[in-house]
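Next come two complexes, and both contain subunit A; in the first it sits with subunit B, in the second with subunit C.
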Partner chain A sequence: MLRFIVRRLLQLIPTLLGLSILLFVWLQRLPGGPENALLPDNAPPEQREALRESLGLDEPFTVQYFSFLGRILQGDLGASIHTGRPVLEEFLTRFPATFELAVTAIVIAVAAGLPLGYLAARRRGGALDFAAVGGSLLGICTPVFFLAFLLKVGLAEQLGLFPSAFRLSPAVNRTDITGFFVLDGLMTREWDVVWDALLHLALPGLALASIPLAVITRMTRASVLEVMGEDYVRTANAKGLHRTTVRTRHVLRNALLPVVTAVGLLSGQLFAGAVLTESVFAFPGIGSFIYEATHGRDYPVLTGFILLIAAMYVVINLLVDISYSLLDPRVRAQ
Partner chain B sequence: MFTKPSRKPLGLLAAAASLVLVASACAESDRDASGTDEGEPFIFAGAGEITSLDPFLANDGETFRYARQVIEPLLDHESGGTEIVGGLAEDWEQSEDGTEWTFHLREDVVFHDGDELDAEAVCANYDRWYNLTGEFQNANNSYYWQAIFGGFAENENDSMPESRYAGCEAVDETTAVIEVTEYSSVLPGGFSLASFGILSPSTLEAIEDEEITGGDGDFTLPDYTSDASVIAGTGPFSVEEWDQDQNSVTMERFDDYHGEPAGFQTMILRAIPDENARLQALEAGDIHGYDLVAPADVGQLEESGFQVPTRDVFNVLYLAYQQESHEALADIEVREALSHAVNRQRIVDTILPEGSEVATQFHPDTLDGWSEDVRTIDHDPDKAREMLADAGHEDLEVEFCYPAEVTRPYMPAPRDIFDVIVDDLQEAGVSVQETSYEWTEYTSQTENGNCSLYLLGWTGDYNDAYNFIGTWFSSHNDAWGMDNQDLFDDMSEVSSNPDEAERVAGYQDLNEQVMEELPGLPLSSSPPSIAFAPEVDPPNVSPLTQEIFAEASWK
Partner chain C sequence: MSSNTPLLEVEELSVAFGGRGSTPVRAVDGVSFSLEEGKVTGLVGESGCGKSVTSLALMGLLPERGVEVGGRAVMQLPKGPEDLLSLPQRRMRDLRGSQLAMIFQDPLSSLNPVVPIGRQVTEILKRHRGMRGQAARKEAADLLHRVGIPDPARRLDEYPHQLSGGMRQRALIAMAVACRPKLMIADEPTTALDVTIQAQILELLRDLVTEEGTALLMITHDLGVVAGLCDDINVLYAGRAVERAPRRPLFAEPTHPYTVGLLGSIPRLDAPRGEPLSPVRGSVNDNIDWTDGCAFAPRCDHYTMECLQGPPPLVERGDRDHVHRCVNPVGNAGVAERTTLETSAVVGEEEDR
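For the complex of A and B:
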């Protein structure tokens, strides 16, 4: 297992190297430059040029790339052109928000998607099955930003059930320990913080969960249907095993294998998907920061954040593979 | 075998949903109960995050919005207007040649940290800026110093001009004299910029050794620029916290403020970049006001009981004709024809917010130097067609650029404005090749002269015409491709005349000259809208978008 983990982690190196080259080529091709976002609209051309020079943007591509690579090897991702703070610090400041949001989304997706998919498979052709299949199709087809907008208008503006923006109400005082508001609230027993943070997570979490929820529901349904038709399930039933045992040990456990893989992949994608959701809900996470960095041509932030997200994606997939082996003894045996 | 479906999952779901609804209702009632309490924080949303607690290093409106509440400069603008009035200096005078500026400071002014304001403190701030070195001299970290005073004591870049700042002397406790090497029309307006807010002596001492670290395009701002405990100004609010986790700056009322105390105990500035998200946050009660309201939302907000006070205009939007990018545009007759083709009144009436007006010259009428005698250009498509035919360009085809996915205070709906103009040009027989760029590329393309026609504008920093026309028409540049040396010489002469009356008359003449040359067509001056919740008694709204929120309170 250790060799497997080390091998997978070593695969990170060529992955990130390739990605960094792609990113640099993309940024070179991206029209406009940060000097246009940083300086006032009527700043003279000489000042714009001086700023480009001071940012090293007048250097050839290779010089810029190897300078970047050299810094990366020393563990330095550079500093944001816009805020002047280290990229890693900016990432760590915003990571808890996006992580909480992604966890909320995946919890909603799994908590609702698994039982829905399972029940739909068990009652194939029934009303619940029809609703689950139709609903999941709708979930996949509806653009996240549109759903986010609908949720906001309906549940926040019209009904006032949830806040429409931010991570916490200003009236709520929190003790900052980890930057994860829910966790901090639990650790300090500030229940108002926990509750307020959860309310702020609800709508963006629900919007972000829409696609994973749909995927998980459909995958669970398909997987359960497939497993229910397997010989060993028929054998287990014929043996007279208790219905719950058959359903949990034989059907659900085997049906979950592809679903776990999907959950892992979807979790990684949530960090990228958070860009639009966070912007709609003014949720100050890494997604909204990337959105602003793209508009401001903040190259260090774009490269640093995307590389860090890619690294996280690989690690999440590694965790998925490990969990896969725990669920499926055949994988362990290999 | 038929098995009765279990009701448990549905029951659990129903119970969970009920719990969420009940709990949400509790939260909602909490929100309703607050709002107009005396101690309830006033929350205002801007379009972006601030970049530094020290406004000297910034050049963006959001940082200046925060700074205006906390750190005061020597001069200010009248509340709700553009006239320069005393700030920390009660009054001031300039020497005849405009190189010596004497400021008489207010008495009994204290900083948030308890230090007292005196002339030494003023000079310490100006001398600090003048003596900055290293990356502080980067255009992005001292933009306004360079715009007003040129260079530093020791320039580290050969292309930087020599500094106009010659020194500051504390004549007595309340009199500071700032000397400059030559007069420039950027003064006294420059003394009113938020960048030049006066920090306390203790703050200066604490940040004395702070440097911008890094190099080769990798600069890290010093820690004090995000540490609220270090920053002390004299404003009606003191800054308590910059929570970067939440993009918010919290300010508390300063009870020893030298003027009227702030109406709110606590004020929070938050960043909501998305225009719709700002609107929805106000409607949902999550904020109490926001800036840069889309014109299309003004009616909806007012109908719902929100307040959208109208600012006086202090900006201009123009349609530029780049004379070197298209042979026809070098011909004044073609530029005139295009100008006659555009129906500016239609843009003002249908797209821009209430209070907008057609611009007759390249700066708003609220600015000294605006001339009543500039030539007027009426909307006349027939005349436009005729003039194009006379100039031999009846089949004129021209590229027209506009910025996508952006709004500017002077240009709230670029695509809509673009569409109206394209429609007008087509009516005059002009074929338009549409090009759009995302903002950062747009400014680059227009600045490099790659767009024949384009939309751009400017919101003034202070009341001086040079801040508008001087930045565009003082020398040949690629953005306009205009080559009129007489005009450039006149601009230089007028802007360096220390006599205010003569200078204003000179600007009037320059405005008339510019409109004869017609490098572009001034389209409109429009007030960027600002909105407040019904329970807020709003501050005087400022044409410079420099509202002092201490003037606001709960109703």
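For the complex of A and C:
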């Protein structure tokens, strides 16, 4: 198992190397540069050139790339052109927000999707099945930003049930330990912070959960239906086992295998930051910062963030594979 | 229980699928037979003749919706005789695994891939015999040992994919015999195995029947299996029994043309060189409905117009044990076939010993 993990982590190196080249080429090709965002429209061309020079953007592509690579190997991702702060620091201050949001969305999606998919399969062709299949189709089809707007306007602004922006109400004071608001609140027993942070997470979390929820519901349903027809379920029934034993040990245990993979892949996407959802709710996470950085052509932030996200994605996939091999002995053997 | 009361008496069992809008399909249509303790009864026929559906109906494992089961299947249970077909699901769950057990065709797909073998054996011990922990583990190891799995203690923690095909079927048999059921149904238990393993599994089943006095219902399309194992044989065709007889008379003097055809389609080592096999021509799809006459008529070499005048009844052929459903049975006309088939029965008996 350890060898497997090490091997998978070593795969990170070529992945990130390839990605960094792609990113560099892509950013070079983008029209406009940071000088357009930093300087007013009527700035003279000499001033633009001077700025490009000071940022090192006048160097040839290969020189830029290798100096970037050299810095990265020393653990330096550079600094943001706009804020001047190190990219890693910018990432770490925003990551907890995105992490909390992603976890909220996954918890909602799994907590609702698994039982819904299971019950839909059990009552195949019934009203609940119809509602689950139809609802999940709607969930997949609805653009997330549109749903985010609907929730924000309806539940937050019109009805005032939830806050409409940010991670915390200005009136709430919190002690910072880790940057994870809910976790900090629990550690310091500031229950008002926990509650307020959860309220702020609810709507963006719900909007973000829509597609994973739909996918998990459908996958669970399909998987349970398939497993219920398997020979070993018939064997379990032929042994006279109790209905609940058959359903948990024999049906669910097997039906959840593909769902675990799906949950892992979906979480990877969520941790990458939800650009649109975070923007709608002015949620200060990775997604909304990438959105701003793209507008400002903040190359170091874009490359740094995307590389960090890619690394995270690989690690999450590794975790999925590990959990899969724990659940399925046939995978373990290979 | 008196010795002449059969353990299970199946009367006029019928199973129909579908209905509600579409015409129901009669998979099993008035099948009757009885099972006795310590005896092996064969249910023989080609694919689609209703063998497996019969066994699933007796086990109460048919889907609850869209299936209509008729007839009676009275089994002698510890608390007296009861009709399996009319028992509620809850009660059937108590009986399955403890009083009646089943062995399936494909041992790999019949075992849960993510649960260790040991657990799959102990769960039945826990359910019906209330055994737990080390006691259950010990008993499970004993069971695996009993069905001929070497190094059983180690096997307990292994998963189905780590066992060979024959071992898997042995493990399934261990689960079936775990609670010493009175009745065991084996649905083509050797089909997925290679020939040497087939012989071992059949021997194991035979031993279990003689040692425990279990009644075994053997479902197969393989007449070699029948010849080596079964005491009584029911030949099914299109959901009905077409011939029923003890092994010896069935092999020596088959009367229904379908049985004759089945026996004629076995390749034989003692046949003269170059002699072609005589298979039953056509396929099950050529059936006509039993209500219109004999369903086998379109494939039969002996059929007359009489065969199409309504369903043929089951008639006794001289003695009570040998019955067939044919208006124009193979009699003296089939002398040539009979002589070869008699030798086949003798071969079958020799294999048995």
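Basically, the second predicted complex is superposed on the first by the 332 of 334 C-alpha atoms of A that agree within 3 Å, B and C clash if a C-alpha of one lies under 4 Å from a C-alpha of the other, contacts with A are read in each partner's own complex, and residues count from 1 in each chain.
Note that a contact is a pair of C-beta atoms (placed from the backbone, for glycine too) under 8 Å apart; a residue touches a chain by one contact, two chains touch by 3 or more.
Everything quoted here is computed from the prediction, not taken from an experiment.
Aligning the shared subunit A places subunit B and subunit C next to each other free of steric conflict. The superposition-derived angle at subunit A (between subunit B and subunit C) is 160°, Cα centres, a multiple of 10. When the two complexes are overlaid on their common chain A, residue A:235 makes contact with subunit C while staying clear of subunit B.
The larger set of touched subunit A residues comes from B, when the choice is between subunit B and subunit C. Contacts of A:48 after superposition: subunit B is touched, whereas subunit C is not reached.
By the touch criterion stated above, A:253 is placed in contact with subunit C alone, subunit B being left untouched. For the pair subunit B and subunit C, the minimum alpha-carbon spacing after aligning on chain A is 5 Å.
Those residues of subunit B whose C-beta lies close enough to touch subunit A in the complex are 5, 9, 20-21, 23-25, 27-28, 30-31, 34, 40-41, 43, 45, 48-49, 51-52, 57, 59, 135, 138-141, 143, 146, 157, 159-160, 212, 214, 216-221, 225-226, 244-248, 250, 268, 270-274, 276-278, 280-281, 283-287, 405, 408, 437-445, 447, 456-458, 471-472, 477-479. Residues 230-232, 234-243, 245, 249-250, 253-254, 257, 327-330, 333 of subunit A are the ones that touch subunit C when the two sit in their complex. For subunit C in complex with subunit A, the residues that touch the partner chain are 59, 61, 92-98, 101-102, 104, 106, 109-116, 123-124, 127-128, 159, 161-162, 172, 175. The touching residues of subunit A, counted against subunit B in their complex, run 31-48, 50-51, 54-57, 64, 67, 71, 76, 78-79, 81-86, 93-94, 96-97, 115, 119, 123, 149, 152-153, 156-157, 160-171, 176, 179, 195-196, 199, 202, 279-282, 284, 288, 291-292, 295-297, 300.
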